[in-house]
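Paired with chain B in one complex and with chain C in the other, chain A is shared by the two complexes that follow.
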Partner chain A sequence: MPRPTLRTLSVLTVLAFCVYLPLVFFYAPIEAEEGFVQKIFYLHVPLAIVSLCGFVLGGLFAIAHLRTRESKWDLRSYVAIHMSLIFGIGVLVTGSIWAHASWGHWWVWSEPTLVSFLIVMLLYATYQPLRFAIEDPERQARYASVFAIVAGAFVPMNFLAVRLSTSYLHPRVLGSTSNLPAPMGYTFLVSLLAMVLLFATLCMYELAAKRTRILLKSRSRILGYQ
Partner chain B sequence: MSLFAVSTFVVFHFALNRTTVSGDLAAGVLWVTLLFAAMLGVNRLFVADAEQGGFDGLLLAPVDRTALLIAKALTLGACLIVLEFVAVPAFALLLSPPLGGGVAGLVAVLALADIGLAVIGTLIAALAVHTRARDLLGPLLALPLLVPVVIGAARASSPLLAAAGAGAGASAHAAWPAARWLLLLGLYDLVFGLIAYAVFDFLLED
Partner chain C sequence: MIFSSTLPNSNDGYVAAAYIVFFAIVLIYVAIMAVRLGRVEQRVRELGSRARKADEQPQSEQERETV
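Then we have the complex of A and B:
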């Protein structure tokens, strides 16, 4: 049954996108160096921020799971990581498009944020194979939580390591958020808000779907069929 | 593991079509080989315990479960040190990187990287031993986690293995690795050592 919060979240997200997209296309000024393509920044950077926070959130939920042993925390941890993985694919694709448009290459090793993000994605891509390679459900949840905690701690460490190792041959586009002019700043904040809402809504949908499936499975087992 | 490392150096000779390597290339060849040899060790680390009831024995004994983490990490570290006693001279012999006075620095980098490899290797081995495709999943999980170790170790050892006077600036020969890489490796070892210590217990319940 649909919870009231799911509907309000969905409506809020749609509204946020109705504000965010026109802002990006019509209000935000066109950047002098890169032109219109720079506007992918309002899609790429919020996706990245939300995705990374989602990974760390998955680690936090995993800590809660290990402390309380309640499966609801494990479910939340799984959904957070799963959704962040999907958002992360969006980050890599939009990052590639932006890299090709501004620097002419589809992939650039000298942009540390893109490289460290790739490594984080490679790590979390192993989360689902790990989960589904363990049959016992309680052990699966426990091991997945341990992995989520280790991986969550790895995210900042990895960024530090990659940032130390890259030489800044290309201009640091992503590091210039501190001196954004006001219209770009407002648009960026709205886009970040819209992405956070989208992440939360999609996570709630996935949680609802999983809970329903679990409920259905237990009910049909009680009733005797399947 | 040592034999694997020596064979890998031979493969690298053919794959790169060179008789000597120096600088970044030498550091890369050395660290990739050590990394994959460590993966072989990781695969075998907990297999005997899983198959012969070692885990159950530990749970029954009145000892802190973290003792297994420390024991296995020390074991893996010791295996890596033995491996390096064979592999690094083999590397020097087969691919002749210009070592000069950088041996002490190389030893320091190897020591710090070994600690990181041992800690993460033990943690991931414990995670992977109960899964279905344990030989595949172990390296798959460990490789992204070990990227900071590879970055720190390779960048630190690259100037130590550079040809003397080959060019100013980036790859000038040095005797001691840059402090930032040693700090990175040290920080990584500390953070993941503490995390492994904190979560290892949860991996050992029935």
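Then we have the complex of A and C:
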């Protein structure tokens, strides 16, 4: 039953944001080196994590589509990638703002994390043109799934390659180099949870809308009202 | 190094800008979805009225026949 799930998720998301924003601005301490501008971290990093995980999720849904040939998996894959692209735009914009505040530059081409994320975004920017260039729905879904799997596999490989690279101008968050104090760590976890919930809610919202439109189209066709 | 003397004095505006941009993106997305939902609702209403007309038509034709 999609409706109660969507409603519950929406309420949970609003509640999570009601906790997340006060935590960021009133609970998390101000960082000594960067000062107040470090608050962008609680927005930019969770957005980036959710966006990249969304791309991988799109690939996993695409695998399920190719295995089962059920169109619902293709729809889920499309929605996950679409939503990740929207979140990705947020990552690029908030990242640029943070970079300008911290480093004095909107974009640093020598920083592998920034450039690799841009490459991922540009790769996925071709997903929709590729998808909608194919008219036959069966072929469209199949080709889109293959693309989503290949690109989805590229995301973690890209992430690992950047991790193994030598330049560490970009701050590290996850892994052994992470040394966040407890209040910052809790705030970060809440912000990550809020972003995950927002992503899930918007995905469910779009899925419900897409299903309704598909249903409406098929009913119109059956009734002869084109 | 890139970060040096170019650091701005007050960075509060940057934080505000980042959060405003994020909420604007979410708001724009929700607005687009709302417009699309409005179109779907309009289409459903159209279909409903057409279906009602189609239901009424055979009845009136039947009445004409019986009269």
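Observations on the structure shown:
Here is the rule we go by: the second predicted complex is superposed on the first by the 205 of 226 C-alpha atoms of A that agree within 3 Å, B and C clash if a C-alpha of one lies under 4 Å from a C-alpha of the other, contacts with A are read in each partner's own complex, and residues count from 1 in each chain.
Going forward, contacts are C-beta pairs under 8 Å (C-beta built on N, C-alpha and C of every residue); 3 or more make two chains touch, one makes a residue touch a chain.
Only a predicted model underlies this, so the values are computations on that prediction, with no experimental measurement involved.
In the superposition on chain A, contact of A:Tyr205 is made with chain C only, not with chain B. With both structures placed on the common chain, the touch criterion links A:Ile40 to chain C but leaves chain B unconnected. Once the two complexes are overlaid on the shared chain, A:Arg69 sits clear of chain B and of chain C alike.
Contacts of A:Leu122 after superposition on the shared chain: chain B is touched, whereas chain C is not. In the superposition on chain A, A:Arg221 makes contact with neither chain B nor chain C. When both complexes are overlaid on chain A, the residue A:Ala133 reaches chain B alone and has no touch with chain C. In the superposed model, A:Phe147 makes contact with chain B only, not with chain C.
Those residues of chain A that touch chain B in the complex are listed here as 66, 119-120, 122-123, 126, 129-130, 133-135, 139, 142-143, 145-147, 149-151, 153-154, 157-158, 160-162, 164-165. Residue ranges of chain B in contact with chain A, taken from their complex: 123, 127-128, 130-133, 137, 140-141, 143-145, 147-148, 151-152, 155, 180-181, 184, 187-188, 191-192, 195-196, 199, 202-203, 205. On chain C, the positions that touch chain A within their shared complex are 2-4, 6-8, 11-12, 14-15, 17-19, 21-22, 25-26, 29, 33, 36-37, 40, 43-44, 46-47, 50-51. Residues 34-37, 39-40, 43-44, 47, 86, 89-90, 93-94, 97-98, 100-105, 108, 169, 198, 202, 205-206, 209, 212-213, 216, 219-220, 223, 225 of chain A are the ones touching chain C in the complex.
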